[in-house]
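Below you'll find a set of structures to go through.
In the two complexes that follow, subunit A is the common piece, with subunit B as its partner first and subunit C second.
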Partner chain A sequence: MLPATNKKRETEKVWPRRRNLFSSRLARQVGWLLMVGAAWEAVARAGIYPPILFPRLSDVFVALLAEVRGGEILARTGWSLGTISLGVALAVTISIAAAALALGLRPLRSLVDALLNVLHPLPGIAVLPIFLLWFGTGAPAVLAVVVFSCIWPMVQNLLAGLESVPRTQIDAGRNLGLGRARLALFVLIPASLPYALAGLRLAWARGWQTAVAGEMVFGAGGGDGGLGWFIYKRRFFLEIPAVFAGMLMIILIGILVEHVIFGTLEHLTVRRWGMSRTE
Partner chain B sequence: MRLIQIGIAGWSRAGKSGVRGHVASPALPRPRLLRSLPVLMLAVAMALALMVLAAPALTVSRVLGAAQPAEKIRIAQQFGLVYAPLSIARELKIFEKHGLQVEWRQLGSGAAVNEALIAGQVDVGFMGIPPFLIGWDKGVPWKVAVGFAEVPIVLVTYREDIKSLADFTSKDKIALPSPGSVQHLLLGMAAKRELGNAQALDSLLVAMAHPDGMAALLARRDITAHFTTPPYGFELLSRPGFHAVLTDQQAFGGRFSFNVGVVTQQFHDSRPRAYRQLVAAITEAMNWLETHKKEAAPILAPEFNLSTDKTYAYLTWPGVRYTVEVRGLMKFARFMHENGFIRRLPASLDDLAWENVAALVPPGEE
Partner chain C sequence: MGMLPDYQQAKKTTPLLVVNSLHKRFPAPGSGGDLTVLAEVELAVHRGEFLSIIGRSGCGKTTLLRCIAGFEKPSRGSLRIEGREITGPGIDRMMVFQDTEQLFPWLTVLGNVEFALQAARVPRRERRARAVHFLEMVGLERFLDYYPHQLSGGMKQRVAIARALSVRPRMLLMDEPFAALDAMTRSLLQQELLQLWQQTKATIIFVTHNIQEAIIQSDRILVLRPLLPAGSTGSRDPAFIRAAGGGAGPVLNPGLGSMAALIDNPLPRPRQPDMPGFGVIWRQLHRLIGLEVGTRAGLVAQPVAEPAAQPVAEAAPVST
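Then we have the complex of A and B:
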């Protein structure tokens, strides 16, 4: 076959093929989930296990609806979202300050590195017992562990991003006569944004995990607890479908945040600037 | 080429679709059914995996249990003053005397014991009446076999301004072991009487294990009050500056079984002999402990990590009674039903307890 016709065929196919890939990938994922759900329902309906240990998927959805109508699950979700958002926001602010200082002042760089190496491997849940003593049960302790577990991935990604900006781009900026502030604003920050976004994603995920785990393991939420406390309480009343409903809520929020918030952020910035090839 | 194709097709159906594509022309479209075959197989495999993962807890143990002679029995090991009869029975070989061979299981918390009992991993579980009723309400096929001790439970605080439940404000926090525990329900009963709403104090609750709750209360910072059992309640009240806001007797309005021994339908129906032996052994251990506290103290002291004298003081503390009598089952059930903790109301004691229990319930204390 001649190279020319080959090339033509490829260019013809680029758009439709990509679209198909995307839509069929989504369809395939949904298909998979439906299949797993059907298997779950079938196993539950077979009656091999007591329903209290292995509830039907349909009962889980019924429980979710009932909890939504009752209002408690929404209030708990709101509390979790509020606490985690505040925690992530605080962590991002601290991380940006830390990254700026580390890059601006040489000696501080090694301090931040040392802290990162020592504290990053420590899961937030492991420091919760101490934070409970320091900050008391409830919102303050949960907020503190969320901040703690979000800072490190965020700082690491910010530093990695800022250091990965190609020398040539910085030099080009300098040649154009940009000062320090404008260089940072127009070159460094946009160029390191993919890393910052990845860091934010990680921070959010870790924030959720830590907050929910903390409330469940230590009952740390108290009266004003979030989804973790909701699941914890329902477990003791053996409302297993409601326990699953709580998990489902966490999944739904996760998907929503991932696709709506992070997706939009990415669309508006790095993908628009042609820095990301993700579908 | 054809030979290879036939050979492979002959010995593996699953491999057929994949390998054939390579051997034959890549352009040849594979039939739809064959393409979705691996997906279907994976789905089936996942369903099987789900069954296998949840199965050992249930089926395997049941099959083993049925195959063994009736003497073998599995009990979760629990520690503390309340569970002293179990330690006594183990030390004095009372289970063996009644023809039982006990396999002790290590489990984390009370909730883990309940879940192990539901899953069929242990044959008898000891729990408070409220958690038992919550399970019964949800259709867990279990009933009470025997009463298991009465102990004093107190709501302790260091705050002098808190004299009754009405003195708690939204800034206070009350530590208790878990939602749905005896302590939670007692607080609900008192709140219903004094504040008009059983859930009035629910927003102040913090779930904490007894030692953690006691440490938090001693720190005098964040936890205002701790609803706890012996020996933690004794310890707290023996220190200066701590006083009781509420006792179990005030909350419940009488005596009740702190724990009950619970046995599943499966065990009760399929192993009647082991069931009778179990009840007899627990009754003997309980009666021995109640009448031989002096002799029991040195046996239990190492386990409690206390001196013999202190152990004796705890065993003889007012309100500590080792008895298999069952008190308060129906009263708890009625309260929990009226206040939305459970949905079903038992028609009679027979719904909640096995046939031998009727003789263990003192008149008027259902």
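Then we have the complex of A and C:
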């Protein structure tokens, strides 16, 4: 039998450069982005388009720095992150409860399925006018819409995950005498984690879309508001580099969350366990 | 050793497991009707016995094991363990499943065994030592921290065996546990299993396709046969029964029962394929399973007249 150390060395021999940042896929992508950025800068400097519509990339970065120094963009980012985190957390809680009920009580399963089929196709932003009436303008309505748009992909993935658990693993758990609660906690939940993580990713992405869109369309009250509101206000005053700076901020956070938070989460769990479905 | 197997003594007490007139039907996809998989299974398993179940693919071996494990409810008949009806799965009957997905992929090799011990309410401080002990027994002490996806198929199977043994079940139900292993590992594990069986006095029901494995290991061998499709009268026809060996003795449930035979294996242990008497049992099993050349896929019944083994109940076994 092959000792652990040998195995490791062998893998490294086959892909010796995978860990090397500069020959990786990431480096190639960064290279392309740099080229696109340079092209942008060149076109803007050529003066073909009015700078108010097509600012220089360098001005965008200058604006971003200024906004960071001024503090406004950070406050807005914090507000957005707070709304979305709270929204996703609420959505996850509700989804887990819904999935558990659907799993535990057979008639409820078809109720959840029916709601899923009817409401999943409805974009969160479409219910915002009604939610504004129900929850009042500003933060509460935006939060409600975020929760609404995050619930359905989450529920769908949780249910799909529970259905994907191999029967033998459930039987192995039942063989150990696990009751319903312990079976759910120790077998069903970890076994369906790949789906749950995929659902969480989707929910987070939809949360951003909905929050930003909602604030742009209906604004936010008082001094509150997130990045959507920030972009909307800057556009109103025609501070176009700052508008791009707001978008850049959303992109940066997206990358950070996707690769650092979700990436780490996956590496610690489903990838390590060989359960991840994507390479 | 050459003395009576332990279960021969145990026979005087009440059996551990009693299966009474067990029938199992499944809804047959597509046809709207049912498919009877098991019929008229009568079985008494004694403490410490090593019983093998053998039979062709699809004849219901796994189904019978799943009924005993409590995963499937009988359609008719009953299963009792120590007199109590089996109503569901329990840790007193540990199953080693036929497929390799039975380990929990989010737990390491050690974690999988420790989890079973936790479920068996073994105190926390004893768990690790006991888990390591059983993993050593199946030769996996160097792979404690591996996750199942990092193991080969045979190694996964060995973890499952260690996990099942570690909780010291009253009954070990093994569904072709060595099927995925190479011949060397297989015979090694066979010997280890026999040692464990003798040490722990466990009762083992062992499904296999391998006639030699069945003879080497077991006290008794249950031969199952596929049931004829519903509606076919073939073996129920009295003339067929007579032709099929009805003349050799009374025929029990002609064409209906799943049991082709339940034979004793009195060979002294340890057993080797070249020992006297081995070939007789081998040929008998071979014929009962319906592998004999010249029988059309076992559909032509063969009366059994070997003196070395006792056919099921008072019946002359008919392989359908």
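Here, the second predicted complex is superposed on the first by the 252 of 279 C-alpha atoms of A that agree within 3 Å, B and C clash if a C-alpha of one lies under 4 Å from a C-alpha of the other, contacts with A are read in each partner's own complex, and residues count from 1 in each chain.
Everything below uses one rule, namely that a contact is a pair of C-beta atoms (placed from the backbone, for glycine too) under 8 Å apart; a residue touches a chain by one contact, two chains touch by 3 or more.
As the structure is a prediction and not an experimental result, all values here were calculated from the model.
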When subunit B and subunit C are modelled together on subunit A, clash or fit | fit
Could you say whether A:Val217 touches subunit B, subunit C, both of them, or neither, answering first, second, both or neither?
-> neither
Which of the two partners, first being subunit B and second being subunit C, lies in contact with A:Asn175: first, second, both, or neither?
-> second
Touching partner for A:Gly274 - first (subunit B), second (subunit C), both, neither | second
Regarding the shared-chain residue A:Leu193, is it in contact with subunit B (first), subunit C (second), both, or neither?
-> second
Determine, under the contact definition given at the top, whether A:Leu133 touches first (subunit B), second (subunit C), both, or neither.
-> first
Could you tell me if A:Ala39 is touching subunit B, subunit C, both of them or neither one (first, second, both, neither)?
-> first
Applying the touch criterion given at the start, work out whether A:Pro50 contacts subunit B, subunit C, both or neither, answering first, second, both or neither.
-> first
Does subunit C touch more residues of subunit A than subunit B does, or is it the other way round?
-> B
Once the two structures are placed together by chain A, how many degrees is the angle at subunit A between subunit B and subunit C, based on Cα centres and rounded to a multiple of 10?
-> 160
Quick one: smallest Cα-Cα gap between subunit B and subunit C in the superposed arrangement, Å?
-> 33
Listed in rising order, the residues of subunit B that touch subunit A in the complex are 39, 43, 46-47, 50-51, 54-55, 57-59, 111, 118-119, 131, 134-135, 138-140, 170, 173, 178-181, 202-208, 216, 219, 221-223, 341
Residue set of subunit A touching subunit C in the complex reads 1, 3-4, 166, 168-169, 171-172, 174-178, 182, 186-187, 190-191, 193, 269, 272-275
Which part of subunit C faces subunit A closely enough to touch in the complex?
-> 69, 71, 88-91, 93-95, 97, 99, 101-106, 115-116, 119-120, 142-143, 147-150, 167
Touching subunit B in the complex, subunit A uses residues 35-36, 39-40, 42-43, 48-54, 133, 136-138, 218-220, 222-224, 232-233, 235-239
